[in-house]
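Each chain carries a letter (A, B, C and D) given by its place in the written order, and its residues are counted from 1.
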Amino acid sequence: MLSIIVILPFISALFLGILYLSNPTKKRYKLYTLIGSGVPTVIAFISFGLFFKLFNGAPSLHEDLFNWIAIGDFEIPVAFTLDRLSSIMLVFISGIGALIHIYATGYMRDEEGYGKFFSYFNFFMGAMFLLILANNPIMMFIGWELVGLASYLLIGFYHQDHDNITAANKAFILNRVGDFGFIMGIALLFISLEGTAFTFDAIALNIHNIDLQTLTWIGILLFIGAMGKSAQIPLYVWLPDAMAGPTPVSALIHAATMVTAGVYMVARYSFLYVEIPQVGLFIAYIGAFSALFAAIIATYQSDIKKILAYSTMSQLGYMFIAVGLGAYSSGVFHVFTHAFFKALLFMGAGAVIIALHHEQNIFKMGGLKKQLPLVYVTMFVATLAISGIAPFAGFFSKDAILASAFASEHYLIWGIGSFTAFLTAFYMFRLLFTVFIAPASSENKLHSLPKSMTWPLVVLAIGSATAGFLGRNEAYGGENWMGHFLALPDMVIHLSHKSEYLLGGLNMLLGLSGMFLAYKMFAIKSEAPQERHFFNRLVINKFYVDTLYTRIFVQPLLLLSHLIANVIDPKLFDGIITTLSQGYLLVGRQFSRLQSGKVRLYAIQILVGISLMSYYMLFKLGVLG
Amino acid sequence: MSTAAILIAVVSFVLAALLALLTIPVLVWLERRIASLIQDRLGPNRTNIFGFRLGGVVQSFADVVKLLLKEEYYPSHIKMGRWLFMLAPVITFSAALLAFMVIPFADTLVIEGEALRLQALPVSFGILWYLAIGAIGVLGVIFGGWLSHNKYALLGAARAGSMVISYELPLGLSVITFVMTYNTLDFNAMVQYQSGTFLGFLPAWGIIVQPLAGIILIISLFAETNRNPFTVAEGESEIVAGYMTEHTAMKFAMYFMGEYVAMNTASAVIITMLFGGYQLPYLSTETLTTHFTTFALAIMIVLPIFLTLFIRWMRKNNSVRKSVSSDGGRAFETKVLTVALITFGLVVEMLLLYLAFFAEEPLANALTIALFQLLVFVVKLMAFNIFFIIIRWTVPRFRYDQVQRLGWHYLLPLSLLNILVTALIIVGVGS
Amino acid sequence: MLELSLFFILALFTLGGSITMVVSFQPLFSAFGFLIAMLGLAGLFALLNNQFLALAQIMVSVGAVVILSMLTIMTVNAQVQNLPKEPHKFIWLILSSFLVAPITVLIYTQLNTLPATLKGAETITAKVIGNALFTDWVFPFEIVSILLLTAMVGAIVIGRKHLLDTKACS
Amino acid sequence: MSAHLFFLLVALLFSIGLVGVISRRNLFVVYMSVELMLSAITLLFATLSQTLNSANASVMSLLTIAIIAAEAALFLAMIIHLYRINRTLDSEQCTSLKQEAL
């Protein structure tokens, strides 16, 4: 069953790809739709079935296919494991994935390369399933790389535009930086384990054999991989640019699933990070700063998708705060809830974009409340959820994270997190009010939305509203079902219900004040941010990070390459080689006189050798004395 | 080896040599006379020795004497390899002669339990020998033609060589068909096979059992021997005398005789493989041995009739008009021949009478039968030679390219097909 | 004794023919020498009780190879002026003989380690060879047939005139 | 009579062929020398079929003869081709294997 989940999307991707390549211009809308969205839907149902198997008490499911690599004792099996962590991931990825596929059938309907899109999309699904179902780091790494590849292909989907190619390349290259750390971490882990079996279970058993320093390095290196994939400081710059892809791609890959792979990975290695809390703290600080940083930038953005991208980054920061502090199930819970409302936000944004004929600047929108009521309502639900307004999903997960931060007495992190929550509410409502309530800057005739684009919004809106109840604390009348189900090595929180209420109330207050501020500033009349003063300019230009990267990394590298290409290579290396080759040439010319082209002389040359050998052999035989 | 074996070996060798060599003048004479008759003239008939003309055969012996006594002449432009130039005709001639040596002219004699073949070379792979040695003959042609340093000779030799190459293939393939049919490589065994019957009543002659292969074999042998209508190596209208252009006197005679021996050999091979060899149809050696008395009586009846007819024919034709003063000894020749023939007939009659009714001598019977088979063989051989000659003087020559096309485009595929069909039939019947 | 003298006569023919072949200036005389050598070789086969091989040797080496090479000589009309001038032919021959001599000795000494008693019990007729060829040696036989076919096709392709455009030599 | 004489003859024939191949420039002589070398091998096999009293060596001889025939076809076609190009039978004229000077 597990292998079917992994293989089926690949097969359909291959089939769609071949079908598409056989005749790229032909419209096979129904066929592509049937296969492209049917396969994820089927898989979603299978996933639910498997999930309920675990829900009913099965510890985990294994499936061994074959041995991929066997060198001596070293074996890499191709095997899949479905434990509780991965089953949660599987369920929401396949479920939301299926919804987004259905949504994409509407969104992409009129695009060139409809079949190609679904081929890539299904390919991504397969890669993602491989990542989460892998039972060893190597297989996980393969999935990790394949989702990176799918992401690259989908970001550059509109490859006619050069900027999109640049964005795709940027994502790919920055991910390579992270992946380098990741693979180094795996390698170090493998070396340190000294040849014991290399599956997650076995590693978890043998993790105590590794000394602390090595373990620290492994943790840091693996986290570098997570940084790249999950867009944390300093490897985040690709994520806003990745919005160049079609909106369903942003919804699925760059909001709900792939970017959370880093969080999933850290949770997967929780047995490792439990041993090294100082690295966890580092992760948490990185996450906190990423959250704050992205939230600040988001407040001054005007592109609807970029705002959502920065918001994604900010939410990922929350998740890293959680997993860094050891509240793994809180982190995964936030991944879970975030998937719902962020996918919903993106899909809503996509609906708006489609309705406005591919207009992405929020300050050119406005007053869409009347025209797109369903989108408005669903997005409102999602915004409430992300802003942490009870009882929507985001409230519970975010509250759990902030409570953990508070309880672990890292007040700085807690402070940043709370402030970010306020900012989150502010910029999200800024988006919502600007788009839907503020007066329209110009009258547009709206593009009609197909059914397939609207009802997934409703499904997700229900999810956004209710998903939080799965992880309610005792304080809110729940029993933290999610945390118990996941059974990860969480930190233990000692907080009284009173203080939990206090913290929750504070969060609500921050969210509501952000909402109020946004209403004041943007609901009546909205205007695009101007570069008025220093801070303003700094934020609008995203703290000049891109420029900084260009200055620090790109330009010195170019300079160095220039130096090597124009000075060192031709003068030093080529000089030596040219001198040598000239010498060989001179010698070769002399010897080439032997090559007369006359076969008879060659034969004589051979014969002289044979003749001498014959003399020698005759001497050895004793015929000639 | 017993005395009888040595004696038989010597006798067969001498007989074969005589058959091969003595037929040459006869064939030359036959060729000239038949050509003349076809062209409505008489041909050579005047040369005589003491009045004996034998219908003009003596003319051939006179020719031989002339060629032997001619000056040995080399064209002045032939600077090198005169020895090979002279040797070339010898190669052709001896190859043709050697090829004849494996033809059986009577059935195997059994003397004192020892089977003795009446072949000059008593080998059991006669057809292979013929194919192998027959191919050497053309080398003499090529050497002679090349060393003549003459365009005509060169072209003639090249044509002869390519003819042999192209017709060797259908020849070999049809021979393979016969080898498959007869299941032997031995000429003698082939003749044995042909003494049986085919489909119950037909004589199992090769030409009846394998008509297509037989025709291909005959055509290929015509081509191999350079006889009309495949005369491409020489041709008065195109390349003068071909490869023989520069050859004179006995060198020329060697080529000339080689050609006739080759023709003779070809006839011998054809009758041995296709027309029952030394056997008459339905009369195999066993039949003759068991019914020897009947056989002798039949000959005793047929021989006088045949002799009477022949003498009357000879006396009628060998006379001159009364007005001619001198008959040149014709009357004398006729008289002597008549007496000789009658004597011969009487002797034979007496011998047969003795053997048939008074002596109980199986060996003598066998020898008689062998002699009879020899006679049959010679008659068939001459008949086929006459067929060769008639073809030569009645059918026009093919052009060179037509000859090649016939060989490669028609005969080769046909013979291949024939092999296939034969093999299928053999396998089908065998299983 | 008869066999020995026959062997010496045939060996003389063979060696004489091959030396004539190597030494002659004119390819025609070389071909004649080759012919003599091949006939001598056929005789040697017959002496070895190998009648089928003897006849096959005559049929192929003489009947096909020599005639074909003669035809080729006539096709290219290799007159004296077209033949390569070989001023130091005999010096070359003698020098290369010195080169080859040790190889000859080596071959001979090595061949002498093979069984050398001529049993000569069985005359190898066409039937024997045919049986061997179509039972144990069917596969090599088929391979050789394919080789022959390939050679034929190759010869036809090489011999066609349009190949003249591609300069194979200088 | 032993097979040593045959072996000696084989060695001599092979060597004569080898001498012919390397010392003569005439393509025809080279060709016939190669054939002679192959024929020497044929004789060796025929001798072995007697000393070993087996038909298998004879079969090898026969196959070698077939190879001789195949070789003849190709070699002669090549000679004709080379002659058409070069107008000579000199093997020394065929120097296309020589690399042009750099």
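Going forward, a residue touches a chain if its C-beta (ideal position, glycine included) is under 8 Å from a C-beta of that chain, and two chains touch if they have at least 3 such contacts.
Not measured: the values here are computed from a predicted model.
Contact count check for B-C and A-D (C-beta pairs in contact): higher for B-C. The central chain of the assembly on a C-alpha centroid basis is D. Mean C-alpha positions place chain B and chain C at a centre distance of 33 Å.
Averaged C-alpha coordinates give centres for chain A and chain D that are 73 Å from one another.
Centre-to-centre separation between chain A and chain C, using Cα means, comes to 77 Å.
For the pair chain C and chain D, the distance between mean C-alpha positions equals 6 Å.
Annotation for chain B: no residues touch 2 or more other chains. Chain D has residues 18, 22, 25, 91-92, 94-96 in contact with two or more other chains. Annotation for chain A: residues touching 2 or more other chains are 604, 607.
Taken together, the touching pairs give a contact graph of some other shape, not a line, ring, star or complete one. For chain C in complex with chain A, the residues that touch the partner chain are 96, 99-100, 102-103, 105-106, 109.
Considering their complex, residues 604, 607-608, 610-611, 614-615, 617-618, 621, 623 of chain A touch chain C. Across the interface of their complex, chain A is touched by residues 18, 21-22, 25, 30, 91-92, 94-99, 101-102 of chain D.
The touching residues of chain D, counted against chain C in their complex, run 1-20, 22-26, 28-29, 31-33, 35-36, 39, 42-44, 46-53, 55-56, 58-59, 61-63, 65-74, 76-96. Here chain B touches chain C in the complex through residues 80-81, 84, 123-125, 128-129, 131-133, 135-136, 138-139, 142-143, 145-147, 154, 157-158, 161-162, 164-165, 168, 185, going by the rule given at the top.
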